[in-house]
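In what comes next, chain A is part of two complexes: it sits with chain B in the first one and with chain C in the second one.
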Partner chain A sequence: MENLIKNIIGKDISLVELFEENRSKIEEQSFSVLNDQREEAFDAFQELGIPSNKVESYKYTNLQPLFTGDFTFSLKPETLTENVEDIFSCDVDTLDSITIYMVNGWYYTRNNPGDLPQGVRIGSLARLAEEDPDFLARYYGSRAPHLSDGVVALNTMFAQDGFFVHVPEGVVVEKPIQIVNILMSEDALMTTQRNLVVMEDNSEARIMVCDHTLTTNKFVMNSVTEGFVGKEARLDFYNLQNQHNATTQVAGLYFEQHERSHLATNNLTLHAGVARNNIELKLAGEHAEGHAYGLYLLDKNQHVDNFSYIDHAVPECFSDELFKGVLDDHSTGSFTGKIMVRPDAQKTNAYQSNNNLLLTNDAKMNTRPQLEIYADDVKCSHGATVGQLDEDAMFYLRTRGINKEESTILLMYAFAYEVIEKIKVEPLREQIRALVEKRFRGELDKCHSCVVCGQKGTDLSCL
Partner chain B sequence: MLSIKNLHAKIENKEILRGIDLKVKPGEVHAIMGPNGSGKSTLASVLAGNEMFEVNEGSVEFNGKDILEMAPEDRAREGLFLSFQYPVEIPGVSMVNFLRTSLNELRKYKGEDPLSASEFLKLMREKKNLVEIDSDLTNRSVNEGFSGGEKKKNEIFQMAMLEPKLSILDETDSGLDIDALRVVANGVNKLKRPDNATVLITHYQRLLEYIVPDFVHVLYHGRIVKTGGKELAHELEANGYDWIKKEFGDK
Partner chain C sequence: MSTEQDKILEEVTKGEYKYGFYTDIEMDTLPKGLSEDVVREISKRKGEPEFMTEFRLEAYRNWLKMKTPEWAHLNIPEIDFQDIIYYAAPKSKPKLDSMDDVDPELKATFDKLGIPLEEQKQLAGVAVDAVMDSVSVKTTFKETLAEKGIIFCSISEAIREYPDLVKQYLGSVVPPNDNYFAALNSAVFSDGSFVYIPKGVRSPVELSTYFRINAMNTGQFERTLIVAEDDSYVSYLEGCTAPQRDENQLHAAIVEIVAMERAEVKYSTVQNWYPGDKNGKGGIYNFVTKRGLCKGDYSKISWTQVETGSAITWKYPSCVMMGDHSTGEFYSVALTNNHQQADTGTKMIHLGKNTKSLVVSKGISAGKSQNSYRGLVKVSKRAENARNFSQCDSLLLGDKCGAHTFPYLEINNNTAKVEHEATTSKIGEDQIFYCNQRGIDTEDAVGLIVNGYVKEVINKLPMEFAVEAQKLLEISLEGSVG
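And then the complex of A and B:
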């Protein structure tokens, strides 16, 4: 494919060289809002590099070896000859949604989101940079820490496309917005995606991002999403990850919330090789409410690292975090729950909980709360557990004729349920529920690609 | 139906059951009474197959089969049912899903087809009426947030659904107010048939006013030290367990 530039990335310096070599091309095909930040991101990246486990916030996930190796690098939009709907056809009957596709981080050109409520825009970030640069400039780069996080710096250097969702003031988008991220390539591929979500005052929407791999190659996806939730706006943001074991994904969600806004994020990692989720909610308006949920189901040598950062910047805000994981085989996981309560942020309520189920002696979980509280009138609580299946419950089920394997599945499912029930879109919750059960039964492969679609991939992709 | 011979069981090298002999025939109701710590609940757990306890001597035959080597689920499939003293809360597992899985496992073992959803719901309605369980309880997770009485009723409801040959009711009366006790006892009485049997494990005689036993056994220090008819229960109620302790005191 001519749109890919063959490159062998031996060490960080090669990413720098790659950028220097291609910078003029990238800037030619991009617009000024995106180009304006490349320079400082590049400077920062030369300082920071890809984070190793010596970087405190990446202590449990050394990204350096994962960003090293033979990769092609996606620098131009993917030109697909076939229709993505044919490769990945979606049975929209099961979930009536507004659906768009992204291929290797690029907005799929034949997307048709259909009729949208008045003023709602869903589309390509690259096009937005061209057509409405003033709008993009108000938000772009203002939340994601491209000066202090090497991965975000790298993303900002190479950022050219991604999706954006803009819901204007007072508009309610009834249908869930579904964004299907597809990775497919003939060679190992490293790529970048940059997204923007703007919810203006009093607006409401639910966004569901599904991540899939359709070919068996190694992938590295560097995805950054910035989100802005205006006064009294409500947003549910779900990310369902279902990628094969040779995938590394660093996905950053950087949200800013205003007065009385309500945001719930839910990171559901059903399948991934290495997944690092950065979930940052900045509560910047009084009475804002932020919920961050996560569920991760790991086996083999999979690794998932959820790093959350809830920033209580103003008084009277509420935050609630619940992350749960089931770890089998040799899998490893980590959770960091950073909560910052700034000096003025009186009357803060912040709750955090991370619970883990280890099914083997080889599975490993690191969990750490990091609370920094600089106000004196706050309610904060945090708790973490790492345990095995409840023996009493197991015995109870078995005395009712349910065998050990089936009881185990029931109990794992019961454990995960607390996170699943946070999903407010009923058909979506039902499908995720079924998918999680399949996952526990060992019946889910990546072929059951899309939660909403139930579409099977080709045999090749079912590794 | 059930034949226990010289059963010894221990937990962490502490012997709790020290030679139990008991025979239960179809149609019979047995009550096992005894002071706290005498081994009543251990007996129930060992019969149901709790792996916390190690059986170091003796035998238990159920329907002519040695069940000591069987997994708990296989004992259940053979028709043994334990009503728990402390039913376990399992958030996230719905009552319907749980009971349907359970019932269909038992049916599979007997070579019967699984019940369809509608057949199952119909059966559940019937049995709910029989044991007077609030319909609301079956819409919730297994025992989650149930009151003490609701949990016990739920055990009897499960018993009604699964139709065991032998039911062991471990302190089913404990913590029940008089109304709940009546509901539980009525349920047990209604489920009584000539081809099934019940073992009631209880500390108090109270339950036996509602469910009349054919035999009363007194368990003390891991042995059955006395067996009699229902009048034995009255004697215990009147005199407490002190005379048992004196008569059969340590060793």
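And then the complex of A and C:
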């Protein structure tokens, strides 16, 4: 891994100094579209820093200690001797997908997405910045709040690569697009990934992002995805998180939707160390429909913070949010659902729900379902619950001769299924369904075989 | 249909403040500004014992270190704390023996407010401790209460006569350094009420206090302390109306309640400080810290509030459920109109086992106002079987206003059952249509629906108050509603 510039972050060198030291090198190997925003982001970052729990939107996740410590910082792409496909294979075997790999936030050079429908581009953001800077410039940095969120500012400072998906007007991508994010390193690693999804008018696609860790080191992944869904376009975006306990992932999804577009995001957190998901949908065209779903199954000391922000900027839009969580052991969860209805965004329909099951007395859940409404002809509702399994339902099952353990599993499974059934890619749904059930049965106490995307050849445990 | 409805809504919502009058009574005031000397002077003028002076000074020193809270969804113009008079008392007069001795102007003020001391105490059986610019003017029913051992007096009197009780409980629920405005209040509070209900006593009457801000440029710093011993019960009413005035006035009050074993305290407020005129000029800043401590097992504290006034409201009546099986309740109607801003809600802190809390909040926004519910439900690790249900509804009358909900749920125990629900809507055209169909015109229909919407909360108010609360809602939404 000599291609990494060794730098210890912590007392010796701050992220600000790290950037200053390597700035010229980064700018040299990167391209002007990306370089243009570094200065602004750097200024913002110097002011904002890594958010602590004093920042209201990060109240339940203090990132500062997680971004401190001994890390190498990934400033150059990996050169791998072996093929990623050999180390890794996807468990969803019935899934016929267009698959690409990302290693430590960098586009894997030997990727072969295969035959794509006409005009569809799937590839590296760095290459796009080099080959089609005008296209990238139209979108880059226009959604992600690099001036107000310290993590996004940090991402923008260091952004060099990531994936991009571009589906041109009227094209339907039949096969799901699968993006496998792999973290593997010999040392503790901090890295940055910057992605872009552009769906032009009338296009349709399904994207699955699977996050995995292949080595047991500490990782900090700071990923930002900006997405643009054109008129009447449809996009399903799944993020399957399956990382080991020493991973910190801040994954930001910043989408903008136009007239009559349809977007569904689904954050499935099966295993994580600390995961913070920012899900921001801006409904910028009338009759746009935005759905945000999430399921988190936590145990040990895991922590997941889903922070969603649905911005109804124009009238007649619809949004629906459903986040469900099961918390075991010492795990902590947090949910913030902010619905903003801008002045004059009349005829808005917005629904939000967050339900949580606490399985042990040490698990903690913090939830903030918030509404901010500046228009009067709207229907908005939110609900949040934290509790245990329904005693009546349990009793009902017990009276039918189902034992307590089985009843518990059944009810938990039924609880989680509400989110699982939102998955429209059938093989994925089937896989997740099976995984969740296994998880509840205690057969999956750790992510051996890395759950979805199994690991071949190595005996590395993810814990 | 919708334009007609808009017109009616507009008519209904632009009513003027009816309680804008000014009582001309000679005032004994300190010069503007705040310093350690002013704090000492207040304490001296009130003839307080040493421990109170120290209490105030400590709070003042804490206050100096604090910053104005900025987290609320409010746009608070900067307040110059040196431009406020911290002590204003009606010039002391010889002791009054009967109603006839009460200043006729003052009496007229209360008459206009609809609480003639004389009749009301007889008819409604309410003991009124009328507070006029911070100093208690007249206390009625004192003898009846004294027979039962109930202490109901102004806090200054309590400090002089029952220093032990005050020393034990003052600041025990809201510590002097709790927050910016609580610290300010603790340093300079002028007067307020003190209630002590001894063991096993049920207060035979509902205790009531009327606060009025009177003198120009006077911050009103009320301090209320209610202590309910084992097995006691009290229902306490607080009502506020303030005269119309152009400059913004600051009101930073503290209410502390302590409920011992099996005690029950019901605290009801109707708040109608001057909200400012239609252009958002003037009005009271109402920054209040209210907190009840359910100290004993099976104790219960219930807050009911109807908030119709104030330019800015920043108020979170809270319950700390320390005793096992204790209960906290919060019922609220917050109405904002014109340029009013309200950020109000509650905190329910579950510490004991088998504790229960209920939150019902109804917000109504009209005009260009902003109305927020902000609440916290916290279940601590040892609070087994905690139960909470919260419902926060918002009703929007007009397309320039805002209604916001910021609930926080922090659950650290798996036996907890916590539910939160919120809806935001406007009056449905179908609802109006339904009424129209049955011969009820649109104006009455709006009134009916608004009344029905808040009924759940109004029902929790004691009779006399419920009537007044509806009156205030009417005034705030103009007389034709209701």
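Please note the rule applied: the second predicted complex is superposed on the first by the 436 of 463 C-alpha atoms of A that agree within 3 Å, B and C clash if a C-alpha of one lies under 4 Å from a C-alpha of the other, contacts with A are read in each partner's own complex, and residues count from 1 in each chain.
Basically, contacts are C-beta pairs under 8 Å (C-beta built on N, C-alpha and C of every residue); 3 or more make two chains touch, one makes a residue touch a chain.
As the structure is a prediction and not an experimental result, all values here were calculated from the model.
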Taking the superposition on A as described, I'd like to know which of chain B and chain C A:Asn112 touches: first, second, both or neither. neither
Superposed model, chain A: greater residue contact from chain B or chain C: C
Which partner chains sit in contact with A:Leu411 here, chain B, chain C, both or neither? Use first/second/both/neither. first
A:Asn361 contacts which: chain B (first), chain C (second), both, neither? second
If we overlay the two complexes on their shared chain A, which of chain B and chain C does A:Gly387 touch? Say first, second, both or neither. second
Scan A:Arg400 for contacts with chain B and chain C and give back first, second, both or neither. first
Determine where on chain A the residues touched by chain B overlap those touched by chain C, and list them. none
Listed in rising order, the residues of chain A that touch chain C in the complex are 56, 343-344, 346, 356, 358-388
Chain A contacts chain B in the complex at 390, 392-393, 395-404, 406, 410-411, 413-418
Write out the stretch or stretches of chain B touching chain A in their complex. 48-51, 71-73, 75-77, 81-82, 84, 87-88, 90-93, 97-98, 101-102, 105-106, 109, 141, 158, 162
Enumerate the contact residues on chain C facing chain A in the complex. 71, 73, 381, 394, 396-426
